[in-house]
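This is the structure I have questions about; it appears just below.
When the chains are written out, they are named A, B, C and D in that same order, and each has its own residue count from 1.
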Amino acid sequence: MTLNLLYFAWVRERIGEPRETVETSAETVMDLVAELKAREPRYELAFSDLASLRVALDQELAEFDAPLAGVREVAFFPPMTGG
Amino acid sequence: MTLNLLYFAWVRERIGEPRETVETSAETVMDLVAELKAREPRYELAFSDLASLRVALDQELAEFDAPLAGVREVAFFPPMTGG
Amino acid sequence: MAVPVRISVQAEDFDLATELSGFGHAANTGATVTFTGLVRDDTGALQHMEIEHYPGMCEDAIRKIADEAANRWALTDCLVIHRFGRLVPGEQIMMVATAARHRSEAFAAAEFLMDYLKSRAPFWKKEVTREGAEWVAAKDSDEDALSRW
Amino acid sequence: MAVPVRISVQAEDFDLATELSGFGHAANTGATVTFTGLVRDDTGALQHMEIEHYPGMCEDAIRKIADEAANRWALTDCLVIHRFGRLVPGEQIMMVATAARHRSEAFAAAEFLMDYLKSRAPFWKKEVTREGAEWVAAKDSDEDALSRW
């Protein structure tokens, strides 16, 4: 499946780009993260501490064990600091 | 001693005037209230339920057993409804 | 502490924007909260509201309440305006504004001010309808609200 | 419920007075509360703040939060404005406004909105000083604040 990945704040800075498209057969967010981490050190760095990361699937907050079936957009970012 | 008495809201309406000056030797607010109640039915009516009244001595909230020594202005009114 | 506290007890209406121009401009202000109270008319029966006040005591009583709020939450700015006289439905009755470093302080101070103004500032409201006039009774809940501070 | 909820996510500054003209004018509104968040500079070291946002998700996330507040406290009006981009100290970051029948509802809804916007609306703040740039870390207390609702 084809996924649009979005990165924000320091996740974006560590990965070095705000978005990319990937082909993957990952079943959950966790699987996808493992795939990405295996690619290059910058992903390893960005995803080193999942507790400090949040994920949104098609613009809805989700858990890391959420399934990716039917999802088109996955966004990774640190805890939000709005307001 | 000479006291300026002020009445507000329905206390004023029951007594029929917003202010008056009285000569009294009352030692406490309670004594003063007893004196006033003895004067005329409209005072009796205004002061019939002390629990629904508040008193301020020289523009500070006070209790009904507070002494009047040195006081110049006594105001009687129902619980406030500001805001 | 030299917290600017501005208080006005007035018959005239006020304009929130005008009152807030220059409000909370200290560099250490991160949050401002305003509250505006309006004459509500749920039933369509209210003709007007009459607010009576105790002129000599009003400003002093409000200042004491505002000074306590300003000190307790380290406010960087504080404003209270309260009107008296005849007000029709939809009109503004009063406003408070608080400025502080953080949102929790600005909110707490504004709520504290409102709770205390409600039952410690010498104003009395009378509602006039076609059927007659009635003094608004103080609610037990207003007195109870003070216990949380 | 047909509560008017207006949301704007924008780079431009806003004017509180302009935004509030016509706000909370329903006959059953007795109280309006506003909150404004400003770029604070306690130390004089902050050059500017950079607010990053997730454009697609922002308005939806805010709308969900605002709709919940509007329903929970029977708001008669509700407004949320949140800026993104580069902001210097003293600039307005965001505002919320709530209108309700009573003060307690207007206050609760405004605080609820702020607590949720703080950690559920996809914005990230970066502070830039002469020494460098740093992402503002979320506080545990911000997450904890949600548990009271």
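Remarks
Everything below uses one rule, namely that a contact is a pair of C-beta atoms (placed from the backbone, for glycine too) under 8 Å apart; a residue touches a chain by one contact, two chains touch by 3 or more.
Computed from a predicted model, the values in this text were never measured in an experiment.
Note on connectivity: the fewest chain-to-chain touch steps from subunit B to subunit D number 2.
The distance from the centre of subunit A to the centre of subunit B, with each centre set as the mean of the Cα atoms, comes to 72 Å. Work out the mean CA point of subunit B and of subunit C, and you get 26 Å between them. Between the CA-based centres of subunit A and subunit C the separation comes to 48 Å, rounded to the whole angstrom.
Subunit D has its Cα centroid 23 Å from the Cα centroid of subunit C. Touching two or more other chains at once are residues 37, 103, 114 of subunit C.
Those residues of subunit A in touch with two or more other chains are numbered 83.
Counting only pairs that meet the touch rule, the chains in contact are A-D, B-C, C-D. The touching residues of subunit C, when paired with subunit B in their complex, are 37, 52, 54, 56-57, 60-61, 82, 93-94, 114, 117-126, 135-138, 142-143.
Only residues 6, 8-10, 12, 56, 59-61, 73, 75, 77-83 of subunit B touch subunit C when the two sit together in their complex. Within the complex formed with subunit C, the residues of subunit D that make contact are 15-17, 20, 24-25, 27-42, 44, 89-90, 101, 103, 106-107, 110-111, 114.
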